[in-house]
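The same chain A turns up in both complexes below, where it pairs with chain B and then with chain C.
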Partner chain A sequence: MYSRGFRPIAIATVLFTALAFGLVFFYAPLDGDQGFIQKIFYVHVPMAIVALCGFVAGGIMAIKHLRSGDRSWDMRSYVAIHLSIILGTGVLITGAIWAKASWGHWWLWDEPVLVSFLIVFLLYCVYYPLRFSIEDPDRQARYSSVFAIAAGAFVPINFVAVRLAEQITHPRVLSQTGGSMPGEMRLTFLVCLVAMTLLFVTLWKLELTSKQASMQLKRLRGRLELRAEERAATQASR
Partner chain B sequence: MPALPLDEAGQYVAGAYVVFLLLILIYVAIIGAKVARIQRQVAELLELTDEPETGAGRSAQPARSRDAGGRESSSGRGAGSPAEVIARGPEPEAPR
Partner chain C sequence: MIRTATAVLRKDLRIEWRTKEAVPAMTLFSVTTFVLFHFGLDRDTLDGPLASGVLWVTLLLAAVIGVTRLFAAEREQGGIDAFLLAPVDRTALFIAKAVALLIYLVLLELVAVPAFAILLLGPGLFEALPELLLVLLLADLGLAAVGALVSALAAETRARELIVPLLLLPLAVPLLIGAASATSPLLSEGGGGEDLARYLALLGGYDLVFGLIAFGVFDFLLED
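Right, the complex of A and B next:
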């Protein structure tokens, strides 16, 4: 079910990732202010955008789950959030590296962009204990979906709030002027964003396929044991 | 004038890209390990279905299997008729 279209997406991911790396290191010009350090931008920002979109997508899938009662939507939501948290970890680490190189500090607590992303990240870290502390699968799916929707709604609100906040150190990338990027930089950034999106979709499908196979196997094993029990009981009664 | 000279900046840039690649590699490795475990379990089930039915003697023989954690366990029951179960296909899934 989930593996449909996996191969072309995986191939596109590899091609776009290779193209993105090529553009980053051989095509995009060096930034006049930051120099070579600015190359971190091409991995850090697409990762942040895809992670935040993944959180929102998880919320939308959770809405679908609550509306339809189809638990496969809950699993899609769970995997999207799981992957977004992994990308979020990458965003925090690469951001800290960039901050150290550029500003001389690993972290700045008075910068709204950094702190707001950390809040979103920590909020979603709560998703795991919430989900796995509930044993009943129906309740687990329902409660997780409610959380995913509430947290998913918080992400765009948070984004807008940060836009409205005073800029202190961290630059705004998605501004009306496109962050004043020259054409080559913008093209490279867009290719990196597409590559990161494709990577997210590929990994999402991969994990979903693996989880589905694992669940089917578990169910099959259960059925085999049940059938064996029935057979043994029949033979004993004879 | 750039913030950092190229040799110093290169370490930070390399660090950021290595972190990204490592995250993806670790993730893919974990998924790969899970898929390998599933393949092993499928192979075990296929072995069970390939074994000929031997009636009462078979049900008295414990069927050895591995649980989700890969530990070997003995169910103490016969395998029954797994081919029928496999042919019937899976039920709608339950997440987790």
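Right, the complex of A and C next:
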């Protein structure tokens, strides 16, 4: 039920990822003051955007779960958050590499986007201990959904708050996401963003399908064991 | 709904009055933390951002203790099941718990803020008091809403005492930013903050959004 449309999306992912790599390395111009290291931007920023959207999407799916009572929405929300956390790890690592290369420090506290991302990431890391320390599956789904909604709403608030904490409104050094990018860079960036989004959706569907398959397998195994026990019991009574 | 909430609240306050479990622990913890900060920072007096940071981090950590204990009686003695059996609105429980936590926090601050002023604060407290009270109130409202939600979320988990701080502290970061930034000019020698309104707006917005969210989703935690 999760695998509908998986093949075209997977093919599109491969094509767009290949195109994105090609554009990054052969089409996009080298940055004037940062040079080659600036190319990490094409991985880092799309990854961050997709991860944040994934967190918020997880919250929206959680709302659907609580409204409909359909547990499959909780599964969708869980997998979306799970993948976003994996992407988030990548964001923090690539962000640190980029910061080291262009500013000379692994971590900068006066970069509000970086700091907000870390806080959001730390919050979502608690999703796992919370989810897996509740045994009853129904309750697990409900509690996880409540967490996903509260945390999803927290994402935008946190970004506003951290930006407010910036006492000095220093000029944004890297406002490539704004309008100052040259056209070739912007095209490359957009292709990368689409590729990353498609990758996310593909992995999401793949994970959901695999989870469903293993759940079904478990159920069938349980039935098989029950059947075997019944047979043993009848043989014993005979 | 209000009647149910006041009944639960009265019960909670009476339990707290007789057992003296949460509030004394919170206040004691805050005073101990001030002593720790004195030695950790090796400073006799603090002012400005340092003072406001020490004060707010201490209050936040002390609040964690209160949040951990908030649903303890319900969990240990099956109060939730009894509450679910009664034909009353479930949101009443959330309101009662949030108000109880708010009262605990106010009691904590009645001790902790004067203690801080005596032990560590360099500039006088009285000039800053009206603004500081407003900041404290707004931050307490937000903490009470988020704390009641977090406490209910963590109550069903196996490692309750671990989950509460892990959940509450990142969620409270915007509160800390707003409160600490608003307080730091109030506690510095010159006094007077020009950005006060901005941070008060942040605190108010946080209170509103998280109050509504907690109010909206709390019911789902009690379905069985």
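The criterion applied here is as follows: the second predicted complex is superposed on the first by the 212 of 238 C-alpha atoms of A that agree within 3 Å, B and C clash if a C-alpha of one lies under 4 Å from a C-alpha of the other, contacts with A are read in each partner's own complex, and residues count from 1 in each chain.
FYI, a residue touches a chain if its C-beta (ideal position, glycine included) is under 8 Å from a C-beta of that chain, and two chains touch if they have at least 3 such contacts.
Everything quoted here is computed from the prediction, not taken from an experiment.
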Chain C versus chain B on the shared chain A, clash or fit after superposition: fit
First, second, both or neither for A:165, with chain B first and chain C second: second
Which superposed partner A:210 touches (first chain B, second chain C, both, neither): first
Per-residue contact with chain A, leading partner among chain C and chain B: B
Chain B versus chain C as contact partner of A:142, first or second or both or neither: second
Which superposed partner A:86 touches (first chain B, second chain C, both, neither): first
First, second, both or neither for A:129, with chain B first and chain C second: second
Smallest distance from any CA atom of chain C to any CA atom of chain B, in Å, after fitting: 15
Interface residues of chain A shared between complexes with chain B and chain C: none
Touch list for chain B against partner chain A, complex: 2-6, 8-10, 12-13, 15-17, 19-20, 23-24, 27-28, 31, 34-35, 38, 41-42, 45, 48, 55-56, 59, 63, 65, 68, 75, 77-82, 84-86, 88, 90-96
Touching residues (chain side chain C, partner chain A) in the complex: 149, 153-154, 156-159, 162-163, 166-167, 170-171, 173-174, 177-178, 181, 198-199, 202, 205-206, 209-210, 213-214, 217, 220-221, 223-224
Chain B contact footprint on chain A (complex, rising order): 30-37, 39-40, 43-44, 47, 71-72, 74-75, 78, 86-87, 89-90, 93-94, 97-98, 100-102, 132, 137, 140-141, 199, 203, 206-207, 210-221, 223-225, 227-232, 235
Footprint of chain C on chain A - complex, ascending: 66, 119-120, 122-123, 126, 129-130, 133-135, 139, 142-143, 145-147, 149-151, 153-154, 157-158, 160-162, 164-165
